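Dropping a structure here in structure tokens format, bear with me for questions.
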């Protein structure tokens, strides 16, 4: 079986302008994620906003099985044309994993069709993530719940379509909760939204978070199903007496 | 209980240029639909593409509980700004019923996030529509299946997100099948896609089709649930020891 | 439109043996629930475990649109034959609302097919119930969340099939969360599981809880869809050349 | 990665009493299925109704990752105790693939909670199976649709809970359709119902049918998620001021 080809996309702006972020992710969030993925049997590359075509050329996308997306402060700087290119690839079968503040990215909101808005608060409170669907492959190797000691809070109502499978829900110390692991089929592709991950907390170094992302890569990889075709089928598959209205 | 306020939107182009269509729907498809809805306890108005703002001003939308959409040849003439206005209203709670070739409308594809493409053929074949979820209110008054004697075929793969509830599936004489009644929650609004209906067949005069559309108006009307709010919540609901990363 | 006929079923044992329960629900939990339902346009009757046939004769069930179920300490005293009778009625279209500890009732576990087990704790902690699907009719008249000041905790993993629609999720002070409002189609019937409600807390007097139960009665009432038939259909609907294997 | 351990269970009665069946499946349906599975990297065993404990001892089930079930004329001869044993294993994580007339087996109906009834006809008509969710791993290697030239018809309404994922729908020559590939999470286990397969047609020799079953074994294998625990949690995870009702 060939390796799964993963492209980790990061906005990569916070890290260059905020010391606190650079301290946590000195090589960028993308490198932190790519790092633990490279320890798996994946082929991993990275791409960032300020590269030509945001690093997401047709060639790169054609060579990508699963795209991981982290963005926050510069969603609007992502060119619509490239968003549309990524969306077409997802609908054609590429997997997409959207992390944390990527809930407001153009690619996620366009694929969901709703605002993807939510409530938030940043006081470093505790998050406890519960496995809701323990038979789902994205839960492999996890306990029934795990904690993130300090994080930004995201709270319901999370304005998304009900996921095809709801895998995780988060409890927050400050009194909110959130659907934090959401699986979708979109076209021939699969989309996984995963809430954890922030620029000022070392969340992507946490083993459980890494485990979930690794599991999600396996789950989101193209399934090898049929190539779907559309459009006119003038010839019926079965004999039909033609009728003139 | 106040009446449900329905706006029937029609592209209203075919009827003006094709004699065959004008013969079937002399006052336009919107009037055929508005006609049987007016026999119910609904407040019904119509709106069409070539009216100012496509007849969908802020005032009209604010006064609409359920919007019915029929379009086909001129999807691209619908202004993006107005599509966005309709989308915002749906996400805020307005019901939307999308009929037949509306599968390719901007409003439906934007709310779904996928291509909404399909296979099609126009030889006037038979369609048999099966009730899949007999406890759903959209099936009220129907038999287990009903037939449309002559229609355009739509065939799978229909490139939509899996519906929250799949209510109808269609069998076609020529050998295809199609998910023809699909319910979605999107934001605080509800969306129902219903396949039947074509400009050259008298399908909107068929009692079962009318019954489904009437049922769908009842189902899609705003639920009166909470007004959802988003954004920062600096004050936690429960005491939290603040933490500095 | 005729009134919805509601039967409120209660085990009615706790109230007779525990003073604390009798103090909170002097006429039984069923009367507390029936009380606020009678203020609506419903026809309301009650039935309890120790009546003949548990008060659920064929005649009573035939005359019931929505059955509300509360049980806790005596699930095993409910006769299998009567459980099967109720199940058949649900599958034929009767609505069923299962409250709180009814998660472990025979009728609910048989309809779900899974254990319906969960985690629990009884220290009177706070529950905050969030609306997850604000377009659903069961949320009518609610705010984005409401609180139950003191209650028994139920925590995930709740071993149920993923609901067709997840309407509420609960946050608990002690650190757990729970899918507390779950809608299902089963056969031609609709089932709503609602977590709140306990024998020693005055939860069924709380206006939001009453509002949800009232809403659920409207939602669960029979839809008037087709009478479903099963079995052999020797005559095809379309001409088929018979084939002998 | 260790091999997936598959147990193919067959009623194995038809083959012994009907010459026509014995001709098509001389070693039993179980051996036909086990045969093509052995060509994969699976560890395959078989079990049949008339073996002690139906061949499904605790030891066998403990050593089974995915159980395949074919039954038809003798559903009622399967002991309730063993059905319960299988059900407990599924809820604890074992995969279950139910084929064709297994829709009426005790194990499937108990896991579904509904009657699982349907319409049927046996005149050897054509079935055309459409892929509805082309990103699902069970569709690997398939075309957009495939045909079974002669088969028994199963028609809607199929009285099942709406599947978590609807993968296939079948078109029948005689005018019916059927949800023929249905995925469910139940407990920590996964269940796949697949319609094709009959005792008098050589359907289990058809490459597409074999491909689906092979794919389903991969999909249904235990995910390695958390071991779920239930029951009382007297100690809260977070500090709570105890409250006496």
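The letters A, B, C and D name the chains in turn, as written, and every chain counts its residues from 1.
Convention: a contact is a pair of C-beta atoms (placed from the backbone, for glycine too) under 8 Å apart; a residue touches a chain by one contact, two chains touch by 3 or more.
Please read all numbers here as calculations on a predicted model, not as lab measurements.
Rounded to a multiple of 5, the Cα-based rotation taking subunit C onto subunit D is 180 degrees.
Centre-to-centre, using mean CA coordinates, subunit A is 30 Å away from subunit B. Between subunit A and subunit C the centroid-to-centroid distance comes to 36 Å (mean Cα coordinates, whole Å).
Across the assembly, subunit C contributes residues 128, 131, 133-134, 144, 157, 162, 164-165, 173, 175-176, 185-187, 228-229, 237-238 that each touch 2 or more other chains. If touching chains are joined by edges, the resulting network of the protein chains shown connects every chain directly with every other. Residues 93, 128, 131, 133-137, 139-144, 164-165, 173, 185-190, 222-229, 237-238 of subunit D are the ones touching subunit A in the complex.
Contact residues of subunit A toward subunit B in the complex are 20, 24, 91, 110-115, 117-121, 123-125, 150, 153, 155, 157, 159, 161-162, 164, 173-176, 184-187, 200-201, 228-238, 240, 242-245. Considering their complex, residues 128, 130-134, 144, 156-157, 162, 165-166, 169-172, 175-177, 179 of subunit C touch subunit A.
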